[in-house]
Every structure is written in structure tokens, then in C-alpha cells.
Amino acid sequence: MYRNHYDSDITTFSPSGRIHQIEYAMEAVKQGGAAVALKSKKFAILVSLKRSSSDLGSYQKKVFQVDDHVGIAISGLTADARMLCNYMRNECSNYDYVYESKIRIERLVTKVADKHQLHTQGYGGRPYGVGLLVAGYDQLGAHIYQTCPSGNFYNYKSISIGSRSQSAKTYLEKYFEQFEDCSLEQLIVHGLRALRETIPNSDTGLNSKNVAIGIVGENQPFKIIEEENAQPYLNLLENEEPVEMQI
Amino acid sequence: MYRNHYDSDITTFSPSGRIHQIEYAMEAVKQGGAAVALKSKKFAILVSLKRSSSDLGSYQKKVFQVDDHVGIAISGLTADARMLCNYMRNECSNYDYVYESKIRIERLVTKVADKHQLHTQGYGGRPYGVGLLVAGYDQLGAHIYQTCPSGNFYNYKSISIGSRSQSAKTYLEKYFEQFEDCSLEQLIVHGLRALRETIPNSDTGLNSKNVAIGIVGENQPFKIIEEENAQPYLNLLENEEPVEMQI
Amino acid sequence: MYRNHYDSDITTFSPSGRIHQIEYAMEAVKQGGAAVALKSKKFAILVSLKRSSSDLGSYQKKVFQVDDHVGIAISGLTADARMLCNYMRNECSNYDYVYESKIRIERLVTKVADKHQLHTQGYGGRPYGVGLLVAGYDQLGAHIYQTCPSGNFYNYKSISIGSRSQSAKTYLEKYFEQFEDCSLEQLIVHGLRALRETIPNSDTGLNSKNVAIGIVGENQPFKIIEEENAQPYLNLLENEEPVEMQI
Amino acid sequence: MYRNHYDSDITTFSPSGRIHQIEYAMEAVKQGGAAVALKSKKFAILVSLKRSSSDLGSYQKKVFQVDDHVGIAISGLTADARMLCNYMRNECSNYDYVYESKIRIERLVTKVADKHQLHTQGYGGRPYGVGLLVAGYDQLGAHIYQTCPSGNFYNYKSISIGSRSQSAKTYLEKYFEQFEDCSLEQLIVHGLRALRETIPNSDTGLNSKNVAIGIVGENQPFKIIEEENAQPYLNLLENEEPVEMQI
Amino acid sequence: MYRNHYDSDITTFSPSGRIHQIEYAMEAVKQGGAAVALKSKKFAILVSLKRSSSDLGSYQKKVFQVDDHVGIAISGLTADARMLCNYMRNECSNYDYVYESKIRIERLVTKVADKHQLHTQGYGGRPYGVGLLVAGYDQLGAHIYQTCPSGNFYNYKSISIGSRSQSAKTYLEKYFEQFEDCSLEQLIVHGLRALRETIPNSDTGLNSKNVAIGIVGENQPFKIIEEENAQPYLNLLENEEPVEMQI
Amino acid sequence: MYRNHYDSDITTFSPSGRIHQIEYAMEAVKQGGAAVALKSKKFAILVSLKRSSSDLGSYQKKVFQVDDHVGIAISGLTADARMLCNYMRNECSNYDYVYESKIRIERLVTKVADKHQLHTQGYGGRPYGVGLLVAGYDQLGAHIYQTCPSGNFYNYKSISIGSRSQSAKTYLEKYFEQFEDCSLEQLIVHGLRALRETIPNSDTGLNSKNVAIGIVGENQPFKIIEEENAQPYLNLLENEEPVEMQI
Amino acid sequence: MYRNHYDSDITTFSPSGRIHQIEYAMEAVKQGGAAVALKSKKFAILVSLKRSSSDLGSYQKKVFQVDDHVGIAISGLTADARMLCNYMRNECSNYDYVYESKIRIERLVTKVADKHQLHTQGYGGRPYGVGLLVAGYDQLGAHIYQTCPSGNFYNYKSISIGSRSQSAKTYLEKYFEQFEDCSLEQLIVHGLRALRETIPNSDTGLNSKNVAIGIVGENQPFKIIEEENAQPYLNLLENEEPVEMQI
């Protein structure tokens, strides 16, 4: 039953130099609902699949605004994500207060990744069991970042995390060279098509209930499009042949 | 005897990315007395089954007022719930003091859920072994939320937690589309009927001793209806055919 | 030898959502000497069986005055009880100092129960291994409460805790409907008769040495009746047929 | 080898509600040298058997003065006892300083027992492995108390603790009704006779080297009688028939 | 499965005087991407192989500027490296602020190595799982240092760390005597050739995407050359025969 | 391999009321070099066997001056002893500063024994693995005390601790009645003869290298006699028949 | 695999009174590079063998200046040694600042040994895995001390620590009586010859790369002789027959 005795403590290296608890926390990210992030020259967007335990409740939020120029999509432990989102909001408003300008996206991501890292050294009890996709826009353009429980972060052109995200990645890898000059609408359609890849065939697919779209870009403060506002984009999607067919 | 060695410490992830102690704490919620929450446009109500160990004692309180515009029903460890209720009351009065207005329900729920979350990272020894149903009314209307030991919270139209709550949920799923335009009285009757579903047939059923009803809404400060005050609603219920029969 | 590995740490939930250490602490209460509490409209009384290890010592105190309007009987670890009694006394005198009035019984009980609860989350090392019966009288009338190591507390008309308390409860359940209008003397006799039920037949029964009676009520500050002062009540008892016979 | 896994941690209850580490600490008391305490109306005395590892050293002190009106005899870990004695001395002089009167014996005993108790909840690493016999005289008369590692304390007419103390208790139970009106000299002789019961026949018995007598009472500040000063009392003892013979 | 029981705690020596957790942390360094450092009289350079998980993302940064006169290349846990890099930046600017001059490279390296060391004594939970190559230039000339998780640091003429770094070392040992008088361009080509040795034959080799070059020296503030700026140097490399062939 | 599971933690009592870690620390005392202490009416002396690992080094100090009127000989962990010696020196000079007189020996010994005791309750990690022989002279005369890792201390006429100290004790028990009226010279010779008993026959015996003598007494500040100054006393010893022969 | 269960915790005594973790830390000293210390009347010197992992790096420093009148050679964990060296430097400059004179060598050594000792009681996580040879000169003459992980320190005429140091000790024991009147040059040659004994025959022997010499004495501030400066002394050595031959 014991795989080894190096894997239950965040402060223990295995003989091969790995810290298993970090890897296990990253496993929690893979269990979460899928999220997709992509960007053109002028826009960065997040597309996320919301889950609901029953018809009685609204769907769980997966996309959050952090500031006017940045938002996140999450996969993993929602409550942990909320903590990190609060932290990012504080950092944004502190920066704003001190420098009277918006914090640069890379700087903000570094800060939240440092917070991830501290939790891999035994502060705060355990690593955060959540990964973030950060979409933002600053004077350097549109940005997509991913953070991990390990404290690593990555700069992406487009990426997907969460359950069955490999299928979305396959889609993104096929089309990402087209994204740079896409309009916002085209970008959203690409995001929705990538997200649709993560849904098992037996499921009902994307609809205005289970999709949340976060957009940010030039002259476009971060905005979440969901419920009826998401329907027009879903309509665009439905008029196409399924992607599976195209391939 | 050992199921695995990842499940006894709140700060340990299992290889599949789960934190078993959080899941075990959620199990405590399922053992508690059932509670039902539902809302119409103008009202949110809580209906809860009180338990008593013997005839000698009064029944254990399961519905608590937090503030004029919000109350909770609990399931799980009662003493833990009392701590969280105190915390919520403080937050309400602090907010009131600072902003001279009532705290919004979602904000209050986020705060208490953050408190849940902290206890999943090793602060405070262990997760709270209790789930809350929060019913409130603010300028955005009536709200029903559920909080979990994990720190997650959910927005519901109607929901049930606790022992045998699945039966109540089945009832709610069948009728919840009618709730929005219900009168307060109709809403209470629906709540009682849903709660009745959670009682094993061998039990004596609902009566003015074991039922507590919390109501809040437009021009209706949070109020707990129990003992003789609950009888009129129970009378309405008894004049109907049992729900089991209807189906 | 190991029953399971979830039962030796107060901060660990078992897979079924239980915290075994709390349950084990409640076991300590069951080992203590029996105590009975009951109330009429105007009086609340405590009747307790004192134990002595030998003829050389006086009997261990089991009933304590907290304030003029409230007292406790204990079952379990006496030294833990003393800590809680000190805490209650402090709370009473603090309240008195700040508000210039007596603390309400329910409020006092909530405070001491909160202290119980904190110890179930790892503060203070371990749960208190003691249960309290609280008898008090305030502007709302006479009150009987029981507190548990879990931090739960219950409001009772009459109750018994400690060793063989089930026999006393059986007595109380039979007669409690008569208590409300009893005179103080009648109430004490009922308490003594209930307490007598908890004594094994081979024992010598109740006497002025092993009985302590705490009384409080309208125009009756909390007072402990023991030794020779208890004899008149015991005389009343002895003139009756044994309760066992009546049944 | 493991008796159970509940017995090595002071903060763990066994399934039967016991805290084994407290019981094991009480075992340390039983291993210590015997001590006897008894009182008349006007006097409280301590009689203690001192041990010596060899002829080279003086005998280990077992009776200590705390203040003019109170002293202790100890059984168990001597170094732990010294800590508690220091604590009692501080409490006495603090009380004296604040109230300009002697602290009441019961109050002093409660304080030191509370200190015992704190160590049963994980403060200070482990319970004190020592029991105290406290003899004092205040405006309420002469007092004998015993404290335990558990934090319990008992009020006795006369008592014995430590190795083979059961034999002394048997003596005390036989004669204690005579003590109340004894002269100081008679009381000391009773104490010595009780102490003599705890000595195995193969030993050399009581002598001025191995006996320490602590006395306190009306117009008699606490005083330790040992070495040559104890001889007159031993002479009284030797002129009698051995107690074993009398029975 | 257990190799021994001395290897899971950073504060435990094995019977042979080793601290296994330090060694395991050094193993993490060996898993990281390779990095090469070398120096001439006037220049110190870092050449590092960047990794990317997919085409979607930019390559992970492996070379970082610390100050105008010093930079680092890393191998091991990237997030840990970021912490150390931040620490070094702070030390540089603090020194600058206090002394109004640049910190000497050896002093800076000693400080960061001391930080490594503290983490081998249980501060900060675990050792840093990262090794640094430090390249700097001060009034004493160009310097190359390596730091280890153990807190050791080494002064090198040229060195390589990370995955398959042994092959690079073999190259460096063959040619290092020529480095001292190399031009910056020649030095970079040597660095690239050494780095190329660490790439498995099946890989695509060095290109402007996966190479980062850090340079610093006389009149040359630390500068990172990557992407298209690295191409000219790669072109120089490609015009040669592969080094494997030469040997 | 496990003797029992109560013996590796200083805060755990065994079922028989023992704290094994204290006993094991006392074992460390028995492994140290032998030391002997004895006193006459006017003098207290320490005689100690120094050990040396090789000819290259001086012998390890075993006798230390604490103040003008008191010194110690040690057996056990030398580094622990140094800590305690520092503590005693501080206590002496603090007392001197406050009261402008020398601290009484018993008071000083009580203080250092209290420090021993604290370490048996988990403060400071582990008990001190050292025993002290304290020789001092104050207005009450000459004193010999022994302290133990347990925090116990003993008042002796003469005593020996450390390796093979039983042989020295046998000598002391035979002759100690003569010590009281000995001259300083005679006392030293007795001390040396007792110490000689602890040396295995195969060893080279006492010499000016391996012996240290500490003396203190009336008009004799504490002084250490070693090296050539010890030779005259050794000469006195050598002119006698060996003690073994005498018996 | 487990040798015993007393050997993995620095605060645990074994039943024979040993603290295994201290002994294991001392094992780390034996693994380090050899160092030799010796002294004449006027000089104390350190001779140390430096190690290098490859031709690419400079040799690891093994001799460090602490102050003008004192320096150290180390064997064991280099990073730990650096911490202790820093501590000694601070102590020297603090003393200098307060007393305006150089700290005495014994006092300095006592301070650093006390720091060693603290780490054997659980402060700072683990013992320092390093031994120091301290060479200094003060108004009492030249001094050689050795410190150990245990907190013990020894005063030597000459000594060697580290890998294969026994061979050097054999040399030193043979010749140390000549050292006292040696010139500095002769002393260095003796030191080099002793150090040469620690080198396996298969190695290349002493050379200006792998030798570091620290000297201090009358009118000679502490100075490290290495690289080309060491060659003249090595030349003196090479003109002799090998010591092995002489014996």
C-alpha cells in the first residue's frame, strides 16, 4: 500500500530528487474542470467549463476577475484558488496605490507563483492544490500564464489545464499559429472549440450554462461572459461541423 | 486496517491529488440532521429537523439567526457550527459598523468559506466538521448558499444537506421550478414536504417539536418559527396526501 | 490491538466523519459519579453522589457554586472540571463588572461550551474529560443545561449524567411532567430518588455523607446542602417505599 | 510489547476515557518513600521516611516548609516536588504581599493542584510525577490535603502516600477517630506508628536518621523535627509493644 | 522499500556521517536542464539549455540577471531558484545602497550559499532543490561560481551542471586552458559546443529557441542573449564539424 | 530491538512510573571519568581523574572553579557540564551583585538542580547528560553535594561518581568517619587513595598528569592543584602500601 | 536495517547513555580532508589538504583566517564550518569593540564550542557536522585547539583530524617533543610531513595546489600560505627521504 516513504511530507526529497507531495498537488489540478486560455495580438481570453452537482444549484464559478486588466481561470481545489485570487487582488490594488499604475502581468504572476512556492517549503501546511490560467493585458501586450502548485509558472501562447485538457491542447497545437491575428470573436470560437474537445461524447456538450468566457485586451477591461451573453458565441460554434469531423 | 497512509493528516495529498481529511470532514456533515433551504423571488427559507436524545431535553437547535437579513441551518458537528455562526455574526456587525449598511450575502458567505478553507491548510488543527445552509435577503434578492468543510460554497435555488438529504433533493428537483413565484406560505409547505422525505417511515414524522423554520425576505427580517408557531404550517401539510402517494 | 489509526489524535477525522478522541473524552464523563439535575418553574436543583476513597478523607466535591444565580455538578475528570468552573466564575464576574447585572444562564453555558469546543480543535492539548450539569435561575426562569467534551450543550427539563445515569433518567422520564409545579422540597426528593436509582443494590445507599444538593431559584441564591443539612431531605426519602418497589 | 497505543501521550484518551500517562505518573508517587499526615483539632503533622543511598550521604529531604502556617511531605520525583514547593512558596509570599495575611490552606492547595492539572493537558511536557501531602493551619483550623499528578486534591483527616502506604492507611483507619483530641505528642506517636507499618520487617525500622516530622498548629509555626530532635518521640514509640502485636 | 531510516529528515545524520536529504536535494540539480559557465580574463559567460513542455509555450527561463555585474544560470527546481535569485537581487541593492559600490562576487556567493546552508539545518523546511552557476565581474576580474543545496560553493574556471553535464565537463576539461585569452565570441562558441555535448543525439540540437546566453565582463554589463540574438553564435557553431567527430 | 516504547521520549512515563530518558542520561554520568569529593570540618575537596586521548593533547579538564568559595568536578558529557558551570558562575555573580555577599552553597546547588529538572520536562530538548560534584565552603561550613540529570541533588560527607566509582565509594565508606578532623593534606591523600581504587590494575595509576585536585575551605579560596603542584601529594601516596594490600 | 531506535534523534539518549546523533556527526568530521595543527613556543600552524572535484575548479578552501591572531582549519561539512567561522569572526570583533584588545584564544574556543553544544540539545535542528582546528597566539603564547560536534574541545600540542588522520597522528606522536623549539620553517616542514602521511600512496602527493598552510605567532599575524607561496616549503620537503623510509 505504501508506495514509498518519501511521499507524504512536503519537506522531504525522494532519493531521486523529487518532492512527491508537490506532484500529488499537481494531480489535483488535473482533476479539476478544464480551462483553456489563448491570445491574439490584442486580446487574451479564458474559456472554462463550469460544473454543477445538480439542477438545483448554479454552476461553480471558474473564471474570476482580478483587476481591470487581468483575470484567472482555475482548475483544482476551488477554495484554494479563492485564496490565491484574493492575494492577487490585494497585490493589484497595493501596486495601484503605490505606483498609480497597473501592475505588469509578469510581475503579478511572479508574485502569486512565489506564494505557491512558499507552500512547497512547509509554510502554510501544504501546497495549494490548484493551477491558475492568468490572462492579462498590459503595455507589453496580451499575456497568458499558467501557474502550478510547484511554484513554477509558464508563459504560453495558448494552453489548457484540467480534466482531459490534453484533447484541448491537441486542438490548440494545430491552430495556434492562426491565433495571433484573430479577432476577439474568432478567438472565442477557437477557445470554445478547444474546450469542447475536453467533453466526453456522452455529455451534453457546451451550453450557456456550463461555459464561462473571460476576455481582456486593448481597450477591453476584463469581462466575464456567461449565461445568455455566451449564447451568441455558442451559436457560432454550433453552426460549424464538429471539430472531430474536420480532422 | 489502514486504508492508506495519506488519509490521517490534513496537510497531505494522496497520489491522486485528494486530501482525505477534507473528505472525511464532509462525511460528518452527512451524519447530521437534515436541513432544507429554498427560495422564491422574495423569500429564502430554511427548514430543519431537530433531534432530541430523550423526552427530557428540548430539541437541539439547528437554525440560527446571524443578522436581520440572514440566518443559517447546520448539519454536522454542532459545536463547530456555533463557532462559525459567531464568526458570521461578528463579520455582520463589523461590516455594519464600518459601512453602515448590511453586508451582502455573497460576501458574508465568502468570508465564512475562507474560514473553512484555512482549516484545510493546517490552521486550527482540523477542518470544521459542519456544513451550513445560508439563507439571506439583500438588495440583489433572496439567496441560498451552502458551505462545505473544504471551503467550497455553492449558490443554490434550493438544496438539502444532512442525513438522508438525497430524498429531499429528489423532491426539490421535481418542484423547484414552481418555487420562484410561491408565496411564503407555499414555500414553507414545499420545504416541509421536502424535509418529510428525509424521515424514515418508522419515525413519527414532522411535528411542532422537531421542526424549525427560518424565514427571511422582502420586508421580513430573519425569524425562526418553531414550537406552536410551526403548527399552522404543519397543519397545512397534514391535510395533503403524502408526497409518496402522489408520485 | 489497534482498533484503527484515526482514534488517537484530536485533529483527525475517521473515514466516517467521526472524531474518536472526542468520543473517548465523553467516555470519561460516563465513568464519573452520577449527578442529577431537575427544575420546577421556580427552582433548579442539582443532586450529586460524592465518592470517597476511604473513611479517612472527606468526600470529593461534585457540586460547585459559580455565582449567586448559578452552580454546577460535574462528572468526569475533577481537575478538568475545576478549570472550567474557574473559567465560568471569571466570566460571571467580568459580566457583572461590565454590565452591572447577572449574566444570562444560556450565555454563560455557551461560553463554557465554546471553551470545550476549542479543545476539540487541538488547542489546549486534549478535550476536557468532563461533563457539566448547570443549574441556574435568571429573568427567564429556572434552567438546566448539560455540556459535553464535544462542545455541545443541551437544554433539559431534567437530566442525569455519569455512572449508571441511565437508571436515573428512567426515573426522570417517568415523573418529569410533575416537576414543573413541585415545591423545592418535593423537587429535592425527586432528585434524591432519581439519584438513588444509580446506586448498585450492594451499596449502602444515600446518606448525608455521600449526597450533595445544589439549589437555586426565585429569591434563592445558589446554595449547597450537604452533611447534616442534607439529612432532613434524606429522612423524607427514607419514609417512602423504595422506588423499585413502586414500579 | 505494546500494551496499547493510547498510553504514551498525555493528550490522548483511551477508548475507555482514561489518560494513561496520568495514571503512570501516579505510579511514580507509589514508588516514593512513604509519608503520613494526620491532624487533631489544633495540629496537623507530617511524618515521613527518608531514604539514603549510602552511609556517605545525608538522607534525602522529604518534608519541606512552605510558609509559617503550612508545609508539605512528598512522594515521587523529588526534583518535580521541589518545583511545586517553590511555586507554593511564591504563591504564599505573593498573597502575603497583596493581602497582608496568610493564604488559606484550601486556596493554596487549589492553586498547586491547578498547576498539576495544566501539565495533564500538554503544557510543560509531562505531568508532575509527584504527590504532595499538605499540612497547614489557618483560621478554619488544621488541614490535611493530598494532591495528585492528575490535578485532583483531597481533604483528609489523616492519610498516607508512597511505598507500602496501604499498611499505614490500615493503621490510620483503625485509630483516626481518636486523633481529634490528641495532644501534639500523641499525634506524633500515632504518625510514627503508622509510618512504622510501611517498613518491611527486614529493615532496621525507624530511627532519628530516617524520620522527619513536620508540625504546624495553633500557636505553632511549621517546624521540622529530625535528627536528634526526633529521638524523644522515637523513644516514646519504642517503649510500646509493636503495633503488629496489638492486633 | 525503505533504504534506511536516516534519509527522510534533514536534521538526521546517518551512521556514516552523511545527511541524505542534502544528497537527495542535490539529485534534483542533476535532473535540471544543463547549464555551462566559463570565463576568460575579461569575460564570464553562462550558456543554458531551455526546456519547453510544448510548442504552445515559450521556453522556461534558465538564465537570470541579478545585477549589472552578475547573473545566474540554474538547474533544479525553478521556483526555488527564483527565491534565491530574489534574495541575491536584494543583497546587491542593499549593498549598493549602504556602500555605494557593487558587491564583490565572492561575497554575494557566500551570502546565497549561507542561505542554502540554513535550509540544511531545518530552517525553511527543506534544502533548496537547486544549484546555481554564478557569473560575475568585479574589480578582481571575471568569476565563475557554483552553489549547491548543501551550502557548499566552488570557484571554477569553467563548469557545467544539470542533466548529462558530465559530457560538457569532458569538453571543458579538454579545452579550458585556451579560455583565458579567448575573445567573447570565442568563449561563447566554446560554451555552445560544451552545451551541445549534453544533448542526446536523437534531439534536434541547439537552436535559437532553446539556448540562452548570459554574458558579463569588462565594460560589459550582464546581458542575456537569446532568441534571434543568439542565432549569429549558433551559426558560428554550425559551420564547424561536430565535436564528437573531432575527438 | 525495541526494549519498550516508553524509553525514547523525555516526556513519557512508563507504566511503572519511570522516565527512562532520565535514567539513560544518568547512564552517561557513569561512563565519565571518576571523581571523588570529601570534606573535613574545615575543608571540602574534589579529586578527579583526567583522561587524554593521546600524548599530543593536554588532559581534559574535570575540575572547574565556580567562585572563590565553590568549585565542581564533573562526570559525563563535558560540553553539557560547561553549560551548567557557566550557569553557576552567573548565579554566583548575580547574587554577589544583589546581596553583596557570597551565595550559600545549598542555594546554588538548588538552582543548578532546578536547571537539571527543567530539562526533564522537555525544555531544552533533553536532560543534561552530566553529574556534578560540588565542593564549597560558606558560613555553615564545608559542603559536598552531588547533582543528577534527574534534577535530584544529595548532600554527602564524601562521595564518588563516574566510571568504576563503586570502588572509590567502598574506600570512602570504610574511612569517612576519620575525615571530619583530617588536615587538608590528610584529606587530599584520602581523596587520592579513593580515586586510585577506580583505576584498573592494567593502567599506569595516578600521576601528576591525570590528577586534578580542587580544594576550598576556611581561609582557603577554591584552588585547583594539578600538574607539578599535585606531585607532592602523589609522593605522599606512593610511600604507602597500596590500599588493596591493607584490606 | 534499523540498528536501534535511539539513533535518529539528537534529543534521545540510548540506554547506555550515548547520544548517537552526536557520534554520527563526528563521523562526518572523519570523512573530511585531513588537517594538521602543531605549535612551537612562538608559533602555531595549520597545514591542510585541499580537495578538488576536477581540474576545472580551484581547490576547496580548508584554512580560514578568523582574526589577526587566530585562524582555523576545518574537516567535515564545509558549509557548516563557514557558519562557525562567521560566528568566531563576530565574537572577535565584538570583543575588540568592547574591550579594545584581542580575545584570548581559549575564550574564543569556549564560545564556539558552546555553540556546538547548543546544537546537541535540539536548537538549530542538528549538530554541526564539522570539527575545527584552531591555531592562535595571544599573551599566553601559541595555542592549538580542536573542537568537536559534541561541543567538546581539546587543547593540543599538535593534532590531526579528518580522513586518514591517524597516520598523521602517528608521525606527530613520534616527533612532537622536538616541536617546541622549532623555527617556523621547521614547524611547517613537520606539518607537511605529517600531512603527507595521510595521502594514499596511489595519490600524487602534496603540491602547491592541494596544500594550504596557516601560520600565526609572535609578531606574525595570521597568514595563509598557498599556491606558489607554498612551493618553497614543499621543496624543502622533497629534498628529504620519504618519512616511510625513515621508520
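Here the chain labels run A, B, C, D, E, F and G in written order, and each chain numbers its own residues starting at 1.
By definition in this document, contacts are C-beta pairs under 8 Å (C-beta built on N, C-alpha and C of every residue); 3 or more make two chains touch, one makes a residue touch a chain.
Values in this document were obtained by computation on a predicted structure and should not be read as measured data.
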Which chains make contact with subunit C and with subunit F at once?
-> D
At the interface of subunit E with subunit G, does the proportion of residue numbers present on both copies reach over half, so same, or stay under half, so different?
-> different
Just curious, how far off is subunit F from subunit D if you go by their C-alpha centres, in Å?
-> 31
Quick one: subunit C and subunit E, Cα centre-to-centre, how many Å?
-> 71
Could you say which residues in subunit B touch two or more other chains, in rising order?
-> 2, 9-10
Graph class of chain-chain contacts, one of line, ring, star, complete, other = ring
How would you write out the ring, from subunit A onward through subunit E?
-> A, E, G, F, D, C, B
Which subunit C residues qualify as touching subunit B in the complex?
-> 2, 4-6, 9-19, 110, 113-114, 116-117, 120-123, 146, 150-152, 154-159, 169, 172-173, 176
Contact footprint of subunit F on subunit D as seen in their complex | 1-3, 7-10, 20-21, 24-31, 53-58, 60, 76-80, 82-83, 86, 124-127, 129
